Amino acid sequence: MTLFEEIAQHYNYWVTILLMVSGLYIVVAKSNMIKRLLGLSVFQTSVYLLYLSPGKILGGTPPILASEYSVYANPLPHVLILTAIVVGVATLALGLALAVRINEAFGSIEEDEIVPVIDREDHAA
Amino acid sequence: MTSTLLMDIALLLPFAGAIGIWLAGRWPNLREAVTLATAGGLFIVVITLLMRVLDGERPEIHPIQLFPGVSIDFVLEPLGMLFATVASTLWIVNSVYSIGYMRGNNEPRQTPFYICFAVAIGGAIGVSFAGNLLTLFLYYELLTLSTYPLVTHKGTDEAKAKGRVYLILLMGTSMLLMLPAIIWVLTAAGTTEFTPGGVLAGAGLTTGMLAVLYTIFMYGIGKAALMPVHFWLPAAMVAPTPVSALLHAVAVVKAGVFSVLKITVYIFGIDLLAETGASLPVAYIAGATVVLASMVALTRDNLKARLAYSTVSQLSYVVMAAAIATPAAVIGAAMHIAAHAVSKITLFFGAGAIYTAHHLTEVSQLDGIGRKMPITLGTFLIGSLSIIGLPPLIGVWSKWWIGVGGADADQYWVLAVLMISSLLNIAYLMPIAARGFFVAPPDAKPGEPVALKEAPIACLLALLATAALCLLLFFGASELETLLAEIAPVDAAQPPVEGEANVNLQ
Amino acid sequence: MSVEHHAFHVTEHLPALAAVVPLVGAVLAALVRNGTIAWLVSLAVGLALPVISILMLWEVQASGPISYALGGWAPPVGIEFRVDLANAYLAILVSVMAGVVLAGSPRSIDDEVNPENRAWYYAAFLLCLCGLMGMIVTGDAFNVFVFMEVSSLATYILIAMGRDRRALVAAYQYLIIGTVGATFYVIGVGLLLAMTGTLNLVDLAQRLPQIEATRPLFTAVAFIIVGLGLKLALFPMHLWLPNAYAYAPSSASAFVASTATKVAVYLLLRFTFSVYGVDFVLPETPAATLFMILASVAMISGSLSAIFQTNVKRMLAYSSVSQIGYIILGIAMISETGLTGGISHMFNHALIKGALFIAVAAVIFATGAVRIDDMAGLGRTMPVTMGAFVIAGLGLIGVPGTAGFISKWYLIQGAAEQGMWWIVAVIVVSSLMAVFYIGRVVEVAWFRAPLSDAPRRAPPELVLAAVALAVAVVIFGFFTEFSAGVASDAARVLLEGYAR
C-alpha cells in the first residue's frame, strides 16, 4: 500500500483534522469576538465528523430494521452527536449573547481594544 | 482527682480563662481577676502534677487520632514538667506585673492583650505536655500565632514591620524546616513519639544524615534563636514589656529551647548523638552564637535590645549543652531553662518598671536611677548576677553542669565559651547597675536627697518575687537534679554539685 | 409495610435524584421569575442534596458501589450512574458547599445582581449544580460531557451576572476556553469509542487492555487530560480562572471556586486511575512526571501571583491555582498516601476557599471593597467576618489544627516516602508564601484606621455561613475520620481501578 493510498483511505480523518486545526487557529488568532465564536463552532463541528464517519459501514443501510437488510450503520454516534449539536448551538447562542452585551458595555467586540480598557480598570479600581 | 483529669484541666484551663477574659472584657477589675484566678488555678494544677511526676507517675492522654498511627498525645515526663512549672509560675508573676504596667501606661486594647496572653500560656502548657512531635508542632505554632498580636500590640508602622519579621521568621523556619524534619523522622523511624533513649537509633540513618536532620531541627525551631535566625527576638522588642517578659522568660524562647532539649533527648537520644557526634556542628554554631550575641549586646545602648541579645546568647547555652549530649550537659541545659527564665524576667521587669516610672529606654540615660528606684535596680542587680552566674543565685548551677558536661565529652572549648561569655555578661550587665547606683542623677542637686519615684506596686511585687526565685532556686537545685536524674543519669562517681549545695546550705 | 417499600424505593434511586433534584429545581426557579421564591426553591434543593449524598455514601459503605441503570436500560448499552466511595465523597462535598452558599447568599445576591435577573441567577446556579452532580454520579463517558456542558454554560451565565462590566469579558473568555476544553475531552472520548465501541467507564476499563494498538489510546488520554486540565485550571491552562472568580457575583465565586475545579479533578482521577489503570498510562508515559512539574510550578507561581494582587477576590483566585497544584501533586505521586493527600485537599480546600470567598462577599456587601487596601480597619469594624477570614487563611497556610494541615501532612509524607525531597521543599515554600498574602490582608485589616466608622451591617446569614465553614476548617483539622479517612478509602478504590 502506497503512502498515497494510506492517506486517501483515511480521508475522513484528514478532513476532521483540517477542520479541527483551522477552527482552533481562528479561536486563538483572531481578536474579533464573533469570529472567535465561529472558529469555535468549526472546531466543534470537526468533532461531529470524528464521531460520525467511523459509524458509517460500507454497504450498510441506515439503522432501520427490515428483513432484507443485515448490515446497518452504527446508530450510536448519530445519537451522541445530536446531543453534541444541541450543546454546540447553546454554546454559540450564549457566546453571541455575551458578545452583544460586551458591545453594549464597551462599544467594541475587538479583544485587542477591550483588554487594555480592562487592564486600566483593574489598576484603577 | 486522677492525674489524667488534672492534665485535661491544665491543658484547657488557659483557654477557658481566655474565654472568661473575653466575657469579662467590659469590667477591667473582673477581667484581671479572671486572669489571676486562671493563673493561680493553673499553678496549683501544675504543681500537683509535678508532685505526682516526682513520685514516679507518668500519666498520659490520647484524645484525638489525626493520622493513622499519629495522634495528638500528651505524656508527662520530668523535662516537660519542669517547663510547665516554670511557665505557670511565671504567668502569675507576669500577670501581676502586666496589670501594673498596662494600667500604668494606659495601654489600649487590654482585653485582646490578656486573651492572647492566656492562649499563649495554653500553647506553652501544650508544648510541655506534648507526647510526640506532631503535638509539639501544633502547640508550637499556636504559640507563634497567639503572640503575634501581642508583639504588634502597639499597632504602629514599626510594630507592624517588626511583627512581620517575627511571624515570617518563626513560622517560616517551622514550616520550611521543622515540618519536613518531623515527617523525615516519621518515615525513617515509623513514629514521632517521644521515647526515652530516642527513636532514631537503628532507623538506618547515617551519621551524615543524622547531622543534617539535627541541624534542620535546630534551625526549624526558630524560637531557640540560633544565629542567624535570631533576628525576630530583637525585633520583637517593639512589644510592651510584659510581652517581652513572656517572650524571653515565660513561654516563647523557652518553648524553643525546651523543644530542642526534648528532641535531643527523646527523638535522637543522647547516646546516639554522643556515639556519632552528629550534633557537634550544632554545638559549634551554638558556642559561636553565645559569644557573638554577647558581643552584640555590648554595643546596644537600648536597654531592651541589650537584654534581647543577652537572651539570644543565653538560649544558645541550652542548645550548645543539648548538642554536647552528655548527661551532665543535658541536666545543665534543662536547669538553664529555669535559671534563665527567672533571671531574665527579673531584668525585663526592671526595664519595664524604669520605663513606666521614668519613660527611659536607653542605658546611657540611667545615671542615678538606682537612687530613685532602689528596689527596682536592686532586684535588677540580683537578676544580672544570676545571669553572670554568681552564687548564691541559680545561674551558677546551670553553668556548672554545662561545664561539667563539656568536660565529660572532652569538649574543653565549652569551658572557654562559658568563661568568655561570663566575662562579657559582666561587661554588658554590670554597667547598668553601676550607673544607676554610683553615678549621680543628671537632675540631682548637690546635698539634697534624691526623691524616690518607684514603679506601680504591682510591678514591684512581681520584681521582688522573681528576684526571690533566683535566690530560692539556688538552694532548690538538688530538687531539680532529682527531677531530671531520670532523663540523664549521671554517674554516681562524679556528684559535682550535690555536695557543694549542701555545704552552702550549712 | 407500604412505608418501608417506599423508603426502599427512594434509596434505590439516589444517584438519579442527585442530578434530577437540582434540574427540577432549576426549571421551577426559572418559571417562577421571582427572586425570593426562586431562592426558597434553591434552598430546598441545597438542603435536600446533602441528605441524598450522605445516604449514598452510607449505602456505598454498607454494600459496595451503587449501579443505577438510567431509564431501566441495563449497562453497558444504557447510561449507567455508578457511585463508589470516590464520587460519593465528592458528592457530599459539592452538595454541602451548595447548601451553605445558598443559605448564606440571598441578600448578597439581592445586592449584586439586577432585580430582574435574580430568579435567573438561581436557575443558573441550580443548573450548574445539576451539571456538577451529574458529572460526579454518571458512569458514562459521553454523559460526562453533557453534564459538563450543562454546568459550564450555567457557570458562564453566573459569571456574566457580576455587577462589573468586566464580568462579561471574563465570562466570554471562560466560555471560549471552557468549550475548547470540553471539546478536547469529547475528542478523546470519541477516539475511545472508535477503538472499543463502548462509552461505559467500567466497560471501557475492561476492554482497554485487550486493544493491541495502544497509540490511539494514548492520543485519547492525552486529549482527555488536556481537556480536563483546561477545566480544572492546571497550570499553564489557568488563565481563565482569576478573572472569572474575580468578577462573578461573590457567592457564585464562593460556590464555583470551591466545587467546579474539584469535579474536573475527580474526572481526571476517574480516567487515569479507574479507566486506564495505574499500570497502563502512568508508567508508560511521562504523565506523572509532567503533572508533578506542572503542579509544582502552579504552586509556586500561583502563590507568587497571589502575593502581588490588589483585588482580594483575584488574590484568592490565584491562590486557588496554587492549591489546585497541591491536589494534582498528590495525584501524581500515585501512592495511597499521596492520593489521600490530594483527595482530602479537595475537600479541605473547598471548605477553606468557600469560607474565604463568603467572608469576602460579606465584606463587599458591607463596604463595597474589593481592593485589599479598601479593607483597612475591617478587623475592628467587622471582627467576626474577618475572624472567619483569618481562620480559613490559616487553613490555607496549613497551620496545624486546621484542615489544610491534614492534607499537607499527607502530601509531604507521600513525597518523603518516595524520597522526593524537592517536592517537600516546593510544598513548604508555597505554604510559606500563603503567609505573605494572607498576612497582607491581616495587616491592612487590623493595622490601618477604618475608612468609614460604620460600614453597612453584613447580613447575618452570610456571616454565619462564613463562620460555619471556618469552624469546619478547625473541626476537620482535628477530626479526620471523614475528610482523610474516607479519602484514604477512596484512594484505595481508585488505585485498584475498575478493571480488577
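As written, the chain order gives the labels A, B and C, with residue 1 at the start of each chain.
To be clear about the criterion, a residue touches a chain if its C-beta (ideal position, glycine included) is under 8 Å from a C-beta of that chain, and two chains touch if they have at least 3 such contacts.
This is a predicted model, so every value here is computed, not measured.
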item: Chain A to chain B, fewest steps along touching chains; value: 2
item: Closest chain to the centre of mass proxy, which here is the mean CA position; value: C
item: Chain centre separation in whole Å, for chain B relative to chain A (CA means); value: 69
item: Centroid distance [mean C-alpha coordinates] between chain C and chain B, Å; value: 45
item: Chain A and chain C, separation of their C-alpha mean positions in angstrom; value: 27
item: Chain A-touching residues of chain C, taken from the complex the two chains share; value: 142, 145-146, 149, 153, 156-157, 160, 165-166, 168-169, 171-172, 175-176, 179-180, 183, 186-187, 190-191, 193-194, 199, 310-311, 370-371
item: Interface residues, chain B side, partner chain C - complex; value: 64-68, 72, 134, 137-138, 141-142, 145, 152, 155, 157, 159-160, 164, 167-168, 171-172, 175-176, 179-180, 183-184, 186-187
item: Chain B-facing residues of chain C, complex; value: 394, 397-401, 406, 409-410, 412-413, 416-417, 421, 424-425, 428-429, 431-432, 435-436, 439, 443, 446-447, 478-480, 484, 488
item: Residues on chain A engaged by chain C in the complex (per definition of touch); value: 20, 24, 27, 33, 36-37, 40, 43-44, 47, 50-51, 54, 76-77, 80, 83-84, 87, 90-91, 94-95, 98-99, 101-102, 105-106, 114-115, 118, 121-123, 125
